[in-house]
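Dropping the structure in here first, questions after.
Letters A, B, C and D mark the chains in the order given here, with residues in each chain numbered from 1 onward.
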Amino acid sequence: MTLKMDREDLTAFLASHFPQVADDFAIEAVKPFEIAVRLHVGDKNLRPGGTVSGPSMFSLADVCMYLAVLAMIGPEALAVTTNCSIDFMRKPRAGADLIGTGRVLKLGKALAVGDVMIHSDGMDPPVARAGLTYSIPPRR
Amino acid sequence: MTLKMDREDLTAFLASHFPQVADDFAIEAVKPFEIAVRLHVGDKNLRPGGTVSGPSMFSLADVCMYLAVLAMIGPEALAVTTNCSIDFMRKPRAGADLIGTGRVLKLGKALAVGDVMIHSDGMDPPVARAGLTYSIPPRR
Amino acid sequence: MTLKMDREDLTAFLASHFPQVADDFAIEAVKPFEIAVRLHVGDKNLRPGGTVSGPSMFSLADVCMYLAVLAMIGPEALAVTTNCSIDFMRKPRAGADLIGTGRVLKLGKALAVGDVMIHSDGMDPPVARAGLTYSIPPRR
Amino acid sequence: MTLKMDREDLTAFLASHFPQVADDFAIEAVKPFEIAVRLHVGDKNLRPGGTVSGPSMFSLADVCMYLAVLAMIGPEALAVTTNCSIDFMRKPRAGADLIGTGRVLKLGKALAVGDVMIHSDGMDPPVARAGLTYSIPPRR
């Protein structure tokens, strides 16, 4: 399968459909069934002690998977997250962005399933991992 | 078991330790092993179509469980979320707050486990549910 | 909504479609969106120390949800589990059956979502809880 | 880190501690933080249509992670599964064994976290994936 949306397409889609959060994310790379997305960590993502909040990590996992699915099926589909199971394993490094790398493991007609590994930029052991399921509505 | 922190204690704790998000939440009620927390839904929580974002629902589930655990063990403990599995079931109602009701199902020395049901204020069927695990560090 | 299959229907369905495991389970009660199922704990379910194995608890959660969904949609549908997130909280009591109580929280056209609480028969605090998602294939 | 238990040690441990299920599994390979385990699929694992049951896949994921953790910490530790979130993605191939490949992503003092990918032997796309958390009791 080939990409229906490349890095530029996905970036433009994010800016037009999710203007409230588009600036927080940068798509680093995308290829069939795989994506890497950077979360620019700013003050609003931090918690006492300089760590990154759980909701920020969740949102990175969710964006990763969403864009990886869109890259394969195109912008017309309105995929919605139905399940996310996320393990928080280590404290993210203070002052570092987060990088999420997502894989689409199944791309069915009605459901897409994948996982995302999250690292602090420049740190080897992962800080979190998530499995996500998306529901893909029937095409009209 | 009795509460080590009541509604006022938890509200003050949230304001002093999490000033960035404290205004988003209001503790509606707390009793042993149970809590209800309101998320004041504002522009930053919304997504196109008037629905509430996934990360907003995640953060409500996380805050519910965190405060329900603190209510039982007191403010000195630094509990961290280790796992959250969340099912998104229905689109939240536009213009309504979200109410999370949490239960602590296990309160061990090292781990606390519970679940949270999320409703749009005034709507009967739940919009999301989550199971969460917290790691409770050993007391010094 | 009313039940499309009652306790007798579900018991007969289990016996005819899943003969390998039907004897392990007894449906205690079923009503719209709710079910209670007993797992007859035998030698094959036990682990050293007299506790019940994780796979046995998983299978009880899975059967609970499956039958609760079938009760609502009828036997013609071939629902398959797509996700299960299970928390193991306490050691089940040696020599006691397990009782699973399931709730269907969402019954959509394509997906059903619910949760199951598992108790050792006669013991109050739950031993496990699970959230499950089922995919319901389109009717022909 | 080096292995505290190799393939032979783990096989012997399984046979002595879990005689009821030891014959179902074969450890294919183990190295630090990684393992591959085969489930010999037999009649008791099958479901109508020739597919492998969900509990069989769950038990493979659980055994994978358990043995991968033991390989790192040694046989004296009594690790217990506290959470498993499993996605069932495709129907396993009839008549083929299942191969689980597990990774330990975090090995802390109190908690170990990892994930497992499950394939039908000789089939490329995975049939299931799971994230698991283990609680490691304090050493005496």
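Keep in mind that, in the parts below, a contact is a pair of C-beta atoms (placed from the backbone, for glycine too) under 8 Å apart; a residue touches a chain by one contact, two chains touch by 3 or more.
Note that the structure is a prediction, hence the values are computed from the model and not measured.
Asks: Quick one: which chain's Cα centre is the longest way from subunit D's?
Replies: The chain farthest from subunit D, judged by C-alpha centres, is B.
Asks: Please work out which of A-B and A-C is bridged by more C-beta pairs in contact, and write that pair.
Replies: A-B
Asks: Roughly how many whole angstrom separate the Cα centroids of subunit B and subunit C?
Replies: A distance of 28 Å separates the two centres.
Asks: Averaging only over C-alpha atoms, locate the centres of subunit A and subunit B and give their separation in whole Å.
Replies: Whole-Å distance between the two chain centres: 23.
Asks: If you average the Cα atoms of subunit A and of subunit C to get two centres, how far apart are those centres in Å?
Replies: Going by mean C-alpha positions, subunit A sits 33 Å from subunit C.
Asks: Counting only residues that touch at least two other chains, what does the list for subunit B look like?
Replies: 82-83, 85, 87, 89, 113, 133
Asks: State the interface residues of subunit B toward subunit A in the complex, per the touch definition above.
Replies: Contact set of subunit B toward subunit A: 17-18, 20, 43-44, 46-48, 53-56, 58-59, 62, 80-89.
Asks: Can you list the subunit C residues touching subunit A in their complex?
Replies: Counting only subunit C, the residues touching subunit A are 82-83, 85, 110-111, 113, 133, 135.
Asks: Within the complex, which stretch of subunit A touches subunit D?
Replies: Residues in contact with subunit D: 85, 87, 89-90, 105-106, 113, 115, 125-126, 129, 131, 133.
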